[in-house]
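As written, the chain order gives the labels A, B and C, with residue 1 at the start of each chain.
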Amino acid sequence: MELWDLTIRFFSMADANVRYVIFGSMLLGGAAGGLGTFAFLQRRSLVGDTVAHAALPGVAIAFLLTGEKNLLIILSGALFTSWIGVVLVNYIISRSKLKLDTALGIVLSVFFGIGIVLLSIIQKSGSGSQSGLDKFLFGQAAAISKNDVILLAIVGTALLAIMTSLYPKFKIIVFDPLFASASGLKTNFLQFLLSTLIVISVIIGLQAVGVVLMAALLFTPAAAARQWTDNLSKMIMLASVFGAASGILGAYISFLAPKFPTGPWIVIVVSFIFVTSILFAPKRGVISKMRLHLNNQRKTNREHILKALYKSGQKLNDWSKTYSISEIANFWSFAESKLKYGIRQLTRQGMMESINGRYKLTDIGISEGARVLRLHRLWELYLSKYLELPEDHLHRDAEDMEHIITPEIEARLVKLLDNPQYDPHNQEIPYTDGKVKS
Amino acid sequence: MEAPIEVHDLTVAYRKKPVLWNIDFELPESKIIGLIGPNGAGKSTLIKAIMGLLPTVSGFVKIYGKPIKDARKRVAYVPQRESVDWDFPTSAFDVVLMGRYGNLSLFQRPTKADKEIAYESLKKVGMEEYADRQISQLSGGQQQRIFLARSLTQNADVYLMDEPFVGVDASTEKAIISLLKELKDRGKTVVVVHHDLHTVREYFDWVLLLNMRLVKIGPTKEIFTDENLKLTYGGKLNLLSEMAEKVGEHR
Amino acid sequence: MTPDMTVIITGILVAVSCGLIGLFLILRQNAMLGDAISHSILPGLVLAFLITGSRNVLPMFIGAGVVGVLTAFITETISKTERVYKDAALGIVFTTLFAIGVILVSIFTGEIDLDQECVLYGEITYVHWDRLIMFGLDIGPRAPVILAAILIIDILFIFLFFKQLKITSFDPQFADSLMISSKKWHYILMIFVSMTVVASFESVGAILVIAMLILPGATSFLLTTKLLPMLLLSALFGTLSALGGYYCASLLDTSISSSIAVFGGIIFFIIFLIKSVVRTN
């Protein structure tokens, strides 16, 4: 069948099986992404990796005991051994000098080893329906059946309900466990509950994602969400959405190519979301930081031009004189290309005007130039007064700060320095009110 | 005569936000100098920057007139005690011997002479009985003495110590300070990051008051005044940290 | 040499070389980096296969070394961009690389001697028949020969640069102040970890590599507080795990590499319990 037809068939959800798979993947991705946010913030991301690997022996034992592939029983087994794994990690840390990372590695490798030993015993014993168990390694979203979805829906809803109702308390134990115990919260119990919820969210994802890579669905959505917001509840929602989207897209890819395991595809999708977030998130994304940096450089360049022209006008107490580009370049050893670009921008902003290819400041330009010079001199005065820096140390610092001082900081400087009129070099500090005539 | 430490116009930034700003000073020889300032003032950062362990935005440091990379052997650094894992499998003597590693070539092992120096240093801090003791079995004060002994093996001219008095018992504190005085009497320069304002007058010949910027530097008697402390710890310099935030956002 | 003997020797070589180099990861509180590198070298390995069309040793080691260092480096870079903690950054990097590796394996199964299960728990049973041919000469079974070479290289590395490894593991800041760059030695160690991992990975799979990087070192950490005895004990526990694991596997007729991992775990927990009991009494 054509790719297009398959795509339509998948997303139209006409097929009941497809509906189950989509709904199931969405639920498990959302639950893992949301709860994973807490693990991420507690810097216990890799605990998820150990939890997932430690589930494998449980899967195998449940199958060995019951001889059938009932998801509820298998997941109960997984929950059981994962929990033992978590308890062991904590026990190792508390009873020896080994650190968290080592304890995680010990439990992960030993439990996973036990799981593989059991799986290969099951395989060699040759019971008929065992073939599905190895799907728990790398996951198979297509294996989600109607019954499974009902189970996923019940568990997912329960997880979500508990997380929402206890959200304020979880928030405190994540950010300030000391304060939490001091204010009488049962921190140990809450931490236990939170860990349990996280373990369960890992377990319900095993079928689709597999034990080897399930942890990624826990920490990668959270890390991606962190790039977009500082607000915890928004972060959880966003991480859930990222997790759910990864689940659905992974299931889609697995639908197109049923021979491939789903887990790796889901990880590729969620990692792609992460990389996109790191690059493009507003404010802290790499791209927007680069743009901010460029804008600031341009602003600095423009303000240097304004200041240079303002100062030369100040000498004559007359700003109506026009200058050629090369004359302006001489004021400040400007690079010519940067100067031309700056002048073009300033002209567009109405701060400079050109008369027969020569340039002068407009009224706004004059007051802007005065502002830059004023900030420069205020800062010099501040440094010299409060830090008693020698005169020859003031200029370079002020040369940077004049572009950064905000109006509020300016107001505070003026107040702190008591409306100063002269800078440490005894030069006048230009105030815009009344001093500027064009 | 070149100054043991000359810091010129030094700016250090963490994630583009300045933590030390245009620091400028020279330190005299044969003095114990207290480096004092509130939390987050950049005291440890200044020590690390002098050691050349951090990238700098601007400025330079000179040790006896030479850039730090040519003068490393003249400077000994004592990191904060909490900065290492004391469960590490090694003995007190081995830690002290590490002070000699800087003098060894790539494949060279510590020689007998190095071991003798290490043993002598252990003696100087009164820890020779503990030479073979595992470091995890030492008290906080003893661990600090081991760190001090390690720096003594370097036979340096300048000592930079990051909070050597934190978490040590009274007798160790006394032992350390008398050791520092002995170093001073031998013409060494000792810079100590310090928290306890009560002991400043007793311990230090000079103080360097720091709060992102160099606030004041000079002989303790002149500089360690209520007024200057207010300036260092008080709100007048709040503007600086706010500006630092803005600079971080700007770059 | 009998095929069984080859398997046992291979197991011992993996356990000892991983155990020695892995101890330094534990001492640096970076044990999960071993886990990460064991996963993330997979795409490097597969690409080396695909590009050269053969299982030549050199490209394989270069591929592994590059990806190993890259894992450590990208992790650093991501955690520096703010707002992603180091543990999460490490997790993101290795799961991504491993996912790419598994997908490559599942696409090119026909062209390379790896499949998805093999990646996890290897096929140590058949090592005897996989020969290393160089210059037209049958040098011996491929895996143990390469692993023996790696073990010698690892021991030489640890012996020659013991002081650098020790000081940068214990007090990186102080090491830096002596011009012994902790960063440089961190990456050098990563190269050796990657080489050891890739040499083992091919025949025994990721799971045993991770187990042997961590378990022997962690077990010996419980028993001694001196570095040199700790290294020797690591080698001893590695060897015991390989022997015990092999016999358990033949008894139960199950995956050999997983049995070795489990046996290493049994040794750890026995010693852990004994130590706990001794301490409480």
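Everything that follows uses one rule, which is that a contact is a pair of C-beta atoms (placed from the backbone, for glycine too) under 8 Å apart; a residue touches a chain by one contact, two chains touch by 3 or more.
In this text the structure is predicted, and so the values were computed from the model without any measurement.
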item: Central chain of the complex, centres being mean CA coordinates; value: A
item: Longest centre-to-centre distance from chain C, chain (CA-based); value: B
item: Where chain B and chain C are represented by their mean Cα positions, the distance between them in whole Å; value: 39
item: Length of the line joining the C-alpha centres of chain A and chain C, rounded to whole Å; value: 32
item: Geometric centre distance via CA averages, chain B-chain A, whole Å; value: 36
item: Residues of chain C engaged with two or more neighbouring chains; value: 29, 82, 221
item: Residue numbers of chain B (touch at least two other chains); value: 136
item: Junction residues of chain A - those touching two or more other chains; value: 97
item: Chain A to chain B touching residues, read off their complex; value: 97, 293, 296, 382, 386-389, 393, 396-397, 400-401, 403-406, 409, 412-413, 416
item: Chain C contact footprint on chain B (complex, rising order); value: 15, 48, 51, 53, 69, 72, 75-77, 79, 83-85, 88-91, 94-95, 98, 101-102, 104, 106-107, 109-110, 134, 136, 150
item: Footprint of chain C on chain A - complex, ascending; value: 40, 43-46, 48-49, 92, 95-99, 101-102, 104-106, 108-110, 112-117, 120-121, 124, 134, 137-138, 212-213, 215-216, 219-220, 222-223, 226-227, 259-261, 263-265, 267-268, 271, 274, 278, 284, 286
item: Residue ranges of chain B in contact with chain A within the complex; value: 9, 21-22, 24, 87, 136, 213-216, 231, 236-237, 239, 242-243, 246-247, 250-251
item: Residues of chain C defined as touching chain B within the complex; value: 27, 29, 82, 160-161, 163, 166-167, 169-171, 173-180, 221, 224-227, 230
